[in-house]
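One structure coming up, written as structure tokens, with questions to follow.
Should a chain be cited, it is by its letter among A, B, C, D and E, assigned in written order, with residues numbered from 1 in that chain.
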Amino acid sequence: MKHNNDLREEILRMSGVDTAKCMKCGKCSATCPAYDEMEYHPHQFVGMVEIGEIEPLLSSESLYKCLSCFACVDRCPRGVAPAKVVEAVRLTAIRRQGANHMTANDVPLILETDTPPQLLVSAFRKYTK
Amino acid sequence: MQKITREQLIDQASELLANGTVSTVLGWGAGEFGYDVTPTLFKTAEEMQNGFVFNDFCGANFSKYLVSKTKTLEGKLLVFLKPCDTYSFNQLLTEHRFDREKVYVVGIPCEGMADIAKVKEISGEGISSIASDGDRIVVTTLYADAPVKIDARNVLAERCIHCKSKKHVAYDTLLGEEGDVVASARFDEVTRLESMTPDERFAFWQNELSKCIRCNACRDACPACTCETCVFDNPKSGVENKSPSNSFEEQMFHIIRAFHVAGRCTDCGECARVCPQNIPLHLLNRKFIKDINTFYGEYQAGAEVGSRSPLTDYTTEDLEPSEIFVGRNEHA
Amino acid sequence: MQVTEYKPLIVAFCCNWCSYAGADLAGNNRLAYPADVKIIRVPCSCRVNPTFILRAFQRGADGVIICGCHPGDCHYTSGNYYTRRRMATLFSMLDFLGIERERTRVEWVSAAEGAKFAATMNEFAQKVAALGENKRLEDLRCKK
Amino acid sequence: MKVRYFPGCTLKNRAKDLDTYAYRSAEALGITPEEIENWQCCGGVFTTARDEVATKLASVRALKDASDSNLPLVTVCSACHNVIKQTNHAMQTNKEFSDKVNRYLEADGGYNGEAEVYHYLEMLRDLVGFEKVKERVVNSLKGKKIAAYYGCLLLRPHKVMRMDDPENPTVMEDLLRALGADAVVYARRNECCGGYISVESPDAAKKNANAILENAKAAGAEMIITACPLCKYNLVKNGADIPVVYFTELLAEALGVKGEPNET
Amino acid sequence: MQRVGVFVCWCGSNIAGTVDVQAVSEALKNEPGVVFSANYQYMCSQAGQEMIKTAVKEHHLTGIVVCSCSPRMHEATFRKTAVAAGLNPYMVEIANIREQCSWVHKDVTAGTEKAIILGKAAIAKVNLNTPLTPGESPVTKRALVIGGGIAGIQTALDIADAGFPVDVVEKQPTIGGKMAQLDKTFPTLDCAACILTPKMVDVAQNDKIRIFSYSEVTDVRGFVGNFDVTIKKKARFVKEDVCTGCGACVEKCPMKKIPNEFNLGMDNRHAIYIPFAQAVPKVATIDPDACNMLKNGKCGICSKVCAAGAIDYKQKDEIIEETYGAIVVATGFNPISMEKFDEYAYSQSKDVITSLEFERLTNAAGPTAGMLVRPSDGKHPHTLVFVQCVGSRCESCAEKGKEYCSKICCMYTAKHAMLTRDKYPDTEVYVFYVDVRTPGKNFDEFYRRAVEEYGVKYVKGMVGKIVPEGDKLKVQASDLIANKQLHLDADLVVLAAAIEPDHSARPLATMLTASMDTNDFFTEAHPKLRPVESPTAGVFLSGTCQGPKDIPETVSQAGAAASKVIGLLVKDKLTGNPCVAIANELTCNGCSSCERVCPYGAISYLDKEFRMPDRTTKIRRVASVNPAVCQGCGACTVACPSGAMDLNGFMNNQIMAEVDAICK
């Protein structure tokens, strides 16, 4: 497998996370509220970025399942901040592909009368460039 | 220029002499000229009326005198301290150099003192009298027909231009209002030198230190230099050196002196004030202070009694000597 | 054509417990370094007074290096931490006076690091040799 | 006492209650919220990537406004609070970021994280004091079993938010007690409701919301309060069978300043 | 002026191969003070040493320079030679021309030149040497052990066994420590009380041992051989020598709802109490915060029922001052607070407990008489979840927990899990772990038995959240091997809380001038070679105060500490290292800079009267170094602004002379 070290460096720099601190206890994945939606789980994001195996993550839907609830960040005993890794990979995917995960055309599909603007704004922020 | 007057000081001292709080007053006495005030002991109000002066030339820091004076005097000694002097006062207390109980401190506000060299540049030599008039200093010289009036702000001593604090960190009675630590640009000159190339810096110091005549005035005025026997006077120290005997001794003297007071120097500026050759010796001390602040966190010697000097302290995470120049401007 | 390289005079202060033993180990392993390096044994790097360093320069040394136990390993628990602060401030001051930074150095060498000792001395001697004779510390007071 | 007030996008339409009652209650407690002129939406979520600058400028402008007026900046919406507080922290601690931001900002003097940011709850606790709140209560909520729902944004990341113990928060419970209610403590009160993926995976959001509701009800809750419009939306949408209200509404009710509702 | 003899060693060809030894001895002949210079094949040999002795006598030498191998090799040898020749041993200096010259240089000219310079430096130094005599100090033949857990108990017993009196200070009303609270011990599963209580009785019955229970050390002065220690014996309001421990008072005491510390608050005790049946000393103690008589002057029942008349409501704290030759620190550990880990709902559910609480819960003498039941409803738990590493191995930036591995948790958790399955086969037991660490004799076998024979389910992964709901604890965890998030309904959750040093350790370390690491564990003098000594002479370490340890390790360290203490106490006098700091009173400013950097607290100050030239007297504060405490690092010599502090054997002028000789 070809490992991408430049990309790894870029993601570590962007997220400010030191994945080498991880002791592989799995508490991030134990605490994740979106675990079942994900193909790759928080601990895998950390572990795969650490070894530079990033391509599978970039094309995974898991990127858009993270809630940014930061439970993994606060509960990680090693101060690793998996959510920041997920976010950095997500931004890399969005920036690189120029492909936004959501477009304005999608809005009417999800808009209901009681949808708070907060939801739309944050969805755009999270899923688009 | 001073907000406080000679009379206020005499009144305060007289009262404390009269009610027996103090037995003696350490103050400024008239010298030969108006500007060369001399530390003087007064025993009575009358003596003060006759000999005590207070004007824009009362720069001398009295803290150092307490080390010897408190050991020989009966009763308490009253001392007038300007804000910057109180830092030296505390530092000496930290070092157990005198008994606090034997001193009564009257804190006096200071608007900055004048530098006689700057006055002379304007008035010329041959000063026969000098007096303060509001914000002006009035100088009569032997050679000029009319008295010269000088704006006191234009002749401020270098250390007063960069005053670091108007706050008294120690006193028993405070005349005037409580001041604050002020933001000063005192490290600007150090920064300027740091940004030079090593060759330029070397040339700067070579020029400055070449002027040293080794009169020891800097050491004798320095409130941190209160050693019972100075290493330079001690034949056993291995660095004994009483005169500029060879080409190297000077900066050896000044580096060692600066290192001996590093972490203890309050940046009172006496060294530069008293230097007859106008060598900016305070820059050496300020360099140490600036480095200590940068490397180990802000530290002001004398700000509180009993604080631990950064050079007698450590953390396990301290900077390595090899890291001190990292990120500093490099010059080809 | 052979260029005669300047032979510098280098004084190395080594703490008795780690670095002096490290130097001995370099000897045991026959790891060569220039004979320009002369070692003075001190109980701990914190015994090194800045005066000693200045004195060495005054008497013609071209470089001075202080070696001690690694931080945290001091035989006296905290001596090298004081060394670290003292030398950091002293070196910065020497630089401030325009003295070449490469003439002074602190290196932590354990009793097991014979190779590191020899490598350090080789490297240091080379740097100091490149600077040539130490003139500045002798010439600061220029007689005009 | 005056404070600078950042309402946020949702409070101006879907969550007018949160806003209106916050105003009314603050005034009843002697606080005058001054709404920041020309505030812009915070963006709803803080991008943790260290190189993201543009998306954080709106928050910086609000912060700078508060700092210039020398008043604390108060937010009510959990998301706004989270974004603004995190942005302020980045301005304080990430030099590279603050330099970039200051290059964008045309404002004089730049901004380096001087503002103090309070969530409305923190304002009640630290600036007003729950004792004072208790004194002003007119309609005590005595006997009501109410569960506070914090969600994720108020508390985390703890190192930045510093609002309360992230695993055992008490600020809302203390408020409830000050208002006379019985505070119901339950473990899922700091678990995420899943609001942010209710677009992406509605089923997952539903699952999370249900777990929270079940846990609160099992602990005896008859009502839930929250500070987040998205949480409220998500809990209600996913079949909450007990009332979910904004804490400000409850506060206004207890203080007797609720007046006419104005939900649109 | 010194009369110096120079002796250049060939070391066979080791030196002579690269250094022209003849040239060296010739060159050094003309150095100041040198009256004799020679070279020889092996200076360290019998013949070489004889040569030195003869030269000392014939040439009336006062100082010796040996140019040879490293002083770390033969300095001691040549010092002995000097003594044999009638010289002070400290009049010898070595020039290291082997390890630091001939072995590292290849060029004979350069090597010879350097050897001469090194010789000159040694001569310059020896010219300034003065005879040094090590100081002596008497040894008080009594030891103090601080802490009465298994570490302190074992240390005290071993020291007493060697015939020295020992005092044990314990802050609780009884000795026994944490081990007394344990149920069974791994890996042999013998009961803790069965092996500990006989030792406690031994301590009580040993006439060499005094127990100061319910007491604290409040001050320590002095130094190795002579520590002056102040001990505060807190008032227990019961006369210790009169109380028979019958327990009648306890039965009748009306204040019976006081949380029982010994059972970690899982049941209650009375205001007057005996912590547990085998307590030593077995006497009652009145809790002044709970006793109605002490608080309000009402009650007095215990006094009425006490047939021995042991109750004394007026009892005051007692101050004991005693001198000790050695001090052993055995202050032990505590589990950390679970306050910051409420994702595990410790504060929200009584059925989430710590491992130490589990010990009490399964102990036959515990709150449930050994019945494993849920603290909330007394029901039998069917599903148990053990969570490892709670607060251990946390990175410092996580802001909670400890960075180190607590070491004992893996094994006691295996023990808990195994015992649970053994006694209650109907239970399901899960252990969530990060790593299972079992280095120790029979340890891994024990853990494997738990898995293979007892069917304990070990899951690689951490628990993320515990939600109490209804009468269940909903456990959400990772199974990293299956790559799944697990959801379990548990009845009881046991947290393996990290351990930390007892909070009394830090103030004690300050009193002892003993150093601590950032985690408040005491630092050993050397991590490998002096593991039971603190860097402060005369202070020794026993048990978990030095780092996490299990019982066998603690006991072996306790024995080691005891043997070090015995080694010290058998000496009548302590001979110090004469290379210590000395303060020149005439030039000392009394500024305290030296005291601040001294790692050993060897410097004190005294007010000394000086006669001045003008016949007046002046009192000045001057530094004084205690040579028995000073280890001779020299930190003070540089801190001293006036140069008043110097170091014997490495004086300022000696080092300066070496510098001059090298740089000439």
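We take it that contacts are C-beta pairs under 8 Å (C-beta built on N, C-alpha and C of every residue); 3 or more make two chains touch, one makes a residue touch a chain.
Please read these numbers as outputs of a predicted model, since none were measured by experiment.
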item: Shared interface partners, meaning chains that touch chain D and chain E; value: A
item: Which of A-E and B-C has more C-beta pairs touching across its chains; value: B-C
item: Identifier of the chain whose CA centre is least distant from the whole-structure CA centre; value: E
item: Identity of the chain that, by mean CA position, is farthest from chain C; value: D
item: Farthest chain (mean CA position) relative to chain A; value: B
item: Approximate Å spacing (C-alpha centroids) for the pair chain B, chain C; value: 36
item: Distance between the centres, which are taken as Cα means, of chain C and chain A, whole angstrom; value: 51
item: Approximate Å spacing (C-alpha centroids) for the pair chain C, chain D; value: 60
item: Inter-chain centre distance, chain A versus chain D - centres from mean C-alpha coordinates, in Å; value: 24
item: Chain E, residues touching no fewer than two other chains; value: 343, 397, 465, 597, 639, 652, 656
item: Junction residues of chain D, two or more chains touched; value: 158, 167, 191
item: Residue list for chain C, restricted to those that touch at least two other chains; value: 50-51, 55, 78, 82, 86
item: Pairs of chains satisfying the touch condition; value: A-D, A-E, B-C, B-E, C-E, D-E
item: Of all residues in chain E, those that touch chain A in their complex; value: 343, 389, 393-398, 401, 434, 460-465, 476-480, 483, 485
item: Residues of chain E that touch chain D when the two form their complex; value: 339-343, 345, 347-348, 397, 399, 465-470
item: Chain D residues touching chain E - in the complex, by the definition given at the top; value: 158-159, 165, 167-168, 185-188, 191, 214-215, 218-219
item: Partner chain D, residues of chain A touching it in the complex; value: 13-16, 33-34, 36-37, 64-65, 67-71, 73-74, 81, 83-84, 87-88, 91, 102, 110, 114-119, 121-123, 125-126
item: Residues of chain E touching chain B in the complex; value: 518, 586-593, 596-597, 605, 616, 618-621, 639, 641-644, 652-653, 656
